[in-house]
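Consider the two complexes below, in which chain A is the common component and chain B and chain C are the respective partners.
Moving on, here comes the complex of A and B:
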């Protein structure tokens, strides 16, 4: 690998940090104008019900109301979705969750819009609501979708199957079998900026402009064009900076944009449509809850020989990113693919069923199914270690994937794509002083240590993968880059600025990256799947390299030298080895301008063609994998059940950190979110109604819930990544929950297999153990 | 019926007429155009709308505009003086305490309110002071480091 980078690998300040620190960086809602109508939705009163009638007459007569829409008033198809258009803009015959709109209102003020909602009368016939996918998948369950366009059978949307080796034989011959059930909760992304859309008809084109915080401007217009009955080229979708996404704003943007858009088309006026926090909780997407049965076979010396895993995913009411048949299996596919964790296991069977319920639709959420799958397998490894009386790290080192090993989905691991798991384990073990036992004292508070490891493929190759961008050299030597990626806090604009500056040999300050607007940039795919710095980064690299070659060719004529003997650094062109020969890049660009050398380029990149066979779940779905290790120390009060995470050490092999500060930002934020998922967060659903739709009782971590978060960056370069990079947005939270669960087991000697590990859950487990007379 | 409201915000006097039902948050954002103050939950749980009112940190979503009559208010837009960044703003940038930026204005003001009343807070006091402000991006470490670096710089001077 090339070393001695000028800008890549440096801790430069974020390009947007100053404006954000001044409070001057504008988010979507900061662009609200006085002339906009206010849009509101009447959401379902009952999560599962037949709509017998909707009477809007009184609402329509209220002064200041400009439009009241029901399902019969829509301009196009009453259905949308990223994978399949099964979610209605306005429910017509049935409600399937409490986030279904039954009517929409546009009015001159929020007060009038809210009053109008109260005047709409809806007659419902209430149906039993399903909270548990294990009930909903039974043969006698009511079909939540009467005629779903893609469901396999009844309420089962899809089943992903993975088979390798001879599982039956491996279990017959096993020295030891570990078998347990695990449950993980449905949780909200809890991004701080609530969902909002400003929709404005464009009288010049007859089209529509939609401004909304989101993660995929092209996917949004593709999904919604049929809803509006407008061709894709007349819809402009864009957003300014986004106040957090975490996967959720790939979907929730469709909800608010569809509703704002149809109201704008009806009234021919700009419409502002914002969800309040309670509406975000009740109506937008969530992380799939899972119910996992995991069997693991091993030899007595600790070699894992087989896994047999059944995962049932709570799909909620609509498909979203839950997964359809091959190749769009999405989250469901990931739970099967990662069912064997980061280990070489020659025999595997996994079945993942995605099942409709009357919950909010489950969608993409940081980790995309991997956190659920890794939770089960990483708990299982600790159970195996306990049964064999082995150290959990020693057992992991005995089984982890190494160069040449095949995953349970058939992909051969390669060091040249970055394989730094062992180094991560070694470094975390050292930092944690792993072999030193904790001082327990005599009080009710018990201490424990836990560890878990993970892998996570960069990108979303089975859905859509690849990126394009524009790169343009300006006559003053500065560079404009246009991408359709979204800046939601992760720092992609900064990382791409560094990538472009390094590739073209210009100063960091001389690159300007514009973003998230279909009017200015080509499709680069969604900003999801930990893909942007790698996949979009490679596209930017490609565009910059094209321009660099052109400028070196122009310069070679000026210097009368072979272009291969020339270089560009800090905006100066020079002969290699003769720094005194410099000429400003601006002068070369001007020369190019008048000699018919184009100054604009389209940069593109696609990964190697991915594969994942529907019949047995075998293939090479990702080009590279990020690896990591999370270790924690905890304290558990056996009298109150209170759990404190007192130490967190996370190591990630990121290939190459384009900006180590941004990488640490992702790692610390991911560990914090993982701690929240492990110990606090849980949507309480009662017959489809969310009982904790507020930050008052849906708890996410505050500073008081977290220890110092230690991060260790490991770099095993990916030869297909820009400067060796692999994805790091999602991975950091994947191993946090199992590490905490394993530490709690270590402290108490009790296995608790359901998260979050709330005081109530821990205390119940302690009491149960005391009742049966077990324990250390 | 609109009511008269007198405010001093970031050193500037305002005399405006407002709907008595309006929240201070809406007056700042809509009437004064100070959109740096954000709304995250509207019920005082997240702290994104924090401002300093007569020297005290408040959630501006829980304050009726008329309750702030004749008050002296500091919002994020008033932190920098004469084009010079407040040390907290510089530290937030340098330490990577800014990610999506939505909680940043409230965090800055929570930290400012702490430093105004306690010139050399301990780490635990810093944590307590920002515990009413939720950040979903950072894990808070960078924010604590940023505040600590300002405290250390003050102690040196």
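Moving on, here comes the complex of A and C:
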């Protein structure tokens, strides 16, 4: 791998840093205009009910109301969704969760719109609501969807099966079997920017323009075109910078855009539609809650021989990214795929059932099912270590995937795609002083250490995985790059700017990347799956390389040299070995311009075709995997149950850090988010009603709940990634929860298998232990 | 809706007298503004009281530290007069966030009368008196007597909290405050306890123990105080150790069992914290 990069690997400032620091960067709602109507939805009063009638007469008569829509007033199909169109724009016969709209209003002011909602009368017949997928999947449960277009059976949307080796035999022959149940909560993404859409009909084309914070501008217009009855080429979807997405804005954008869009088409006016925070909590997607039964078989010297895992996912009311049968198995598939963690396990069986409930639809959320699956495996490994009286790190090192090993989903691991797990473990072990025991003192506060490891594939295992972009050389030697990816704080625009500048040999300041607009850039796939810097990065690299070759060929004529002897750096073209022979790139570009050499290129990249067989869950879903290790120290107050995470060390093998500061940003943010999921966050659901739909009592960590977040970057290059890079967006939070749980067990000598590890839950476990006697 | 920003107390009391029930006082606004914007409170008139210099004063007078009702938490935190009360300082250190402390006030905490009002609990333990004033006169009421139920106070619609009076701390008085919450900052307490003990050697001569979030309003726990008074500290602590206060009235919630388990722990810790580390263990 080439080293000595000019810009890649450098801690250059984010392109948007100054504007954001000064509060000058504009988000979608900053573009609200006076002439826009205000759209609002009347959401379901009951999470599960039959709609007997909707009377909008009084609302329609209110002065200032421009439109009141119910299901019968829609221009196109009353259904949408990323995988299957099972979510109605406006519920017609039934409500399936609190977030189903039963009527929409557009009015000249927010006040009037809200008043109009209060005038709409809806008659419901209330049905029992399901909170627990284990109840909803029973044969006698009421079908939440009366006729779902894709569900396997009753409330079971889909079951993903993964089989390899001979599981029965391995369990028969095992020296030791570890069997436990685990639960992880449904949580909100808690992105800062609430969901909003500005929809504007285009009188010239008869089309529609939708501006809304989101993660996939092309997916949005494809999903919604049938709702509007408008061809895809007449819909423009775009957004400025986004205030956080974490997977949620792949879906929530569809909700607000569908509602804003139909109101705009009806009124022929621009419509501004914003959800308030409570509505975001009640109506938009969440992380799938899971209920996992995990069995692990091993030899007495600590070799894992088999896993047998059943995962039940709380799907919520609609499919979203939950997963359908082949090939779109999505989150459900990931829970099966990662059921064996980062270990070489020759025999495996995993069954993952995605089950409808009356909760908000579960969707993509940082880690996409991997955090749930890894939580169970990484707790199991610690349980195994305890049973074998082995050090948890030693046990892990005995079993981790190495070059040539097959994962439980059948993919052979290769060092040339980056396999840095062992280095991550060694570094974290050293930094944590792992072998040194903690001073326990004699007060009520106990200390503990815990560790967990993870792997996470870069990109999405779908047949269409790949990306395109435009790259354009300007006559002054500057470079324009257009991608459809979203800048949601992760820094993709900066990383792509660095990638393009390095590839073309221009200065960082001379590249401008525009983003997230279907009118200006071709499809590059969604900004999800920790894929953009790698997959879109490779497309940018491809486009830049094409232009670079063209310019070197033009330059070679000027310098009368072979293009292979020429190079471009800092915007200067020169003969290799003779830096004094320079000519500005701008001059070469101008030469190209007048000699009929095209200055624009489409960059594309596709990874090796992803595969994943529906029959047995075997395949090569992603081309490369990011690895990592999280270790923590905790303090647990045995009298109050209070838990403090006092130390966090995270190491990730990212292949190549295009910008180490951005990578650390993802790592720190991931660890912080992981701590939130592990110790604080949970939706209090009561018969489909969220009882803590505000930041007042849906708590996410503050800075005081976090220790200093230490990050260690490890680089085992991926030979297919741009400059060796692998994805880093989602991975950092995956191992945080099990590391904390393992540390709490270490502190208390009690196994708690449900997160979040709230004081209530910890104290209950301590009291329970005291009641039965024992513990330490 | 009318919005008044009186600069004198007389003017404010006149306004209150004219508008009575239809008026809302806004102090720091950290509680009431949210209610107004949600529509749970819809006043006809708002009286904003932060512009009155008379209510911004802090002074020492006749054996009391007097805190004007428009004084913010931040101003108290920075005041040498307030720093003498450990319970108050403990309370301020864990209250809300810097942004909340910049504008929020103890008077507002009283007005909201939340069961989990941090400052209310500290002020009960410190024996605070609340001075209420209307156009027709003044009255003084002990803070623990001002609450009349969940979110309710005995303040009349034409009255305003003029000031809060804290008895000057006796040289042998020790106080502390502990907030047990789900999160380390910006969270509503699950159990709040404040204590103030006046000692004579190792003997506890006076005790005030207050708690929040374990009943409809902040409470004074007289039943526990009795276990301390007249005893030496170690004996008192032993008596009080696992006692669940009879004044507590826990409502049904996700946290009920948890609160039952931790109230006595927090009371004990607050007492130990007040008298100093040596009794801790």
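Heads up, the rule we're going with is that the second predicted complex is superposed on the first by the 774 of 776 C-alpha atoms of A that agree within 3 Å, B and C clash if a C-alpha of one lies under 4 Å from a C-alpha of the other, contacts with A are read in each partner's own complex, and residues count from 1 in each chain.
Criterion: a residue touches a chain if its C-beta (ideal position, glycine included) is under 8 Å from a C-beta of that chain, and two chains touch if they have at least 3 such contacts.
Keep in mind the model is a prediction, meaning the values are calculated, not measured.
Participant: Based on the superposed arrangement, let me know which partner A:704 touches: chain B (first), chain C (second), both, or neither?
Facilitator: So A:704 meets both chain B and chain C here.
Participant: Between chain B (first) and chain C (second), which, if any, makes contact with A:488: first, second, both or neither?
Facilitator: first
Participant: For A:671, select first, second, both or neither according to whether it touches chain B, chain C, the two together, or no partner.
Facilitator: first
Participant: Does the superposition put A:759 against chain B (first), chain C (second), both, or neither?
Facilitator: second
Participant: May I ask you to decide whether A:767 touches chain B, chain C, both, or neither, giving the answer as first, second, both or neither?
Facilitator: second
Participant: Figure out whether A:696 sits in contact with chain B (first) or chain C (second), or with both, or with neither.
Facilitator: both
Participant: A:640 in the overlay: touching chain B, chain C, both, or neither? Say first, second, both or neither.
Facilitator: Touch partner of A:640: chain C, not chain B.
Participant: Using the touch definition from the top, say if A:684 reaches chain B (first), chain C (second), both or neither.
Facilitator: second
Participant: Touching A:441 in the superposition: chain B (first), chain C (second), both, neither?
Facilitator: neither
Participant: Between chain C and chain B, which one touches more residues of chain A when both complexes sit on the common chain A?
Facilitator: With both complexes superposed on chain A, more residues of chain A are touched by B.
Participant: Which residues of chain A are in contact with chain B in one complex and with chain C in the other?
Facilitator: 696, 702-704
Participant: In the complex, go through chain A and note every residue touching chain C.
Facilitator: For chain A paired with chain C, touching residues are 443, 639-642, 644, 680, 684, 696-697, 699, 701-705, 758-760, 763-764, 767.
Participant: Okay, in this complex, where on chain C does chain A touch?
Facilitator: Residue positions touching the partner: 97, 180, 182-188, 190, 254-255, 257-258, 261-262, 265-266, 281.
Participant: Please name which positions on chain B make contact with chain A in the complex.
Facilitator: 29-30, 35-43, 45-46, 48, 75-77, 79-80, 85, 89-90, 92-94, 96, 98-105, 108, 127-128, 130-144
Participant: Give the list of chain A residues in touch with chain B in this complex.
Facilitator: Interface residues on chain A, with respect to chain B: 13-14, 16-18, 20-27, 29-30, 32, 189-194, 241-244, 246, 276-277, 488-491, 661-662, 664-665, 668-673, 694-696, 700, 702-704, 706, 708-709.
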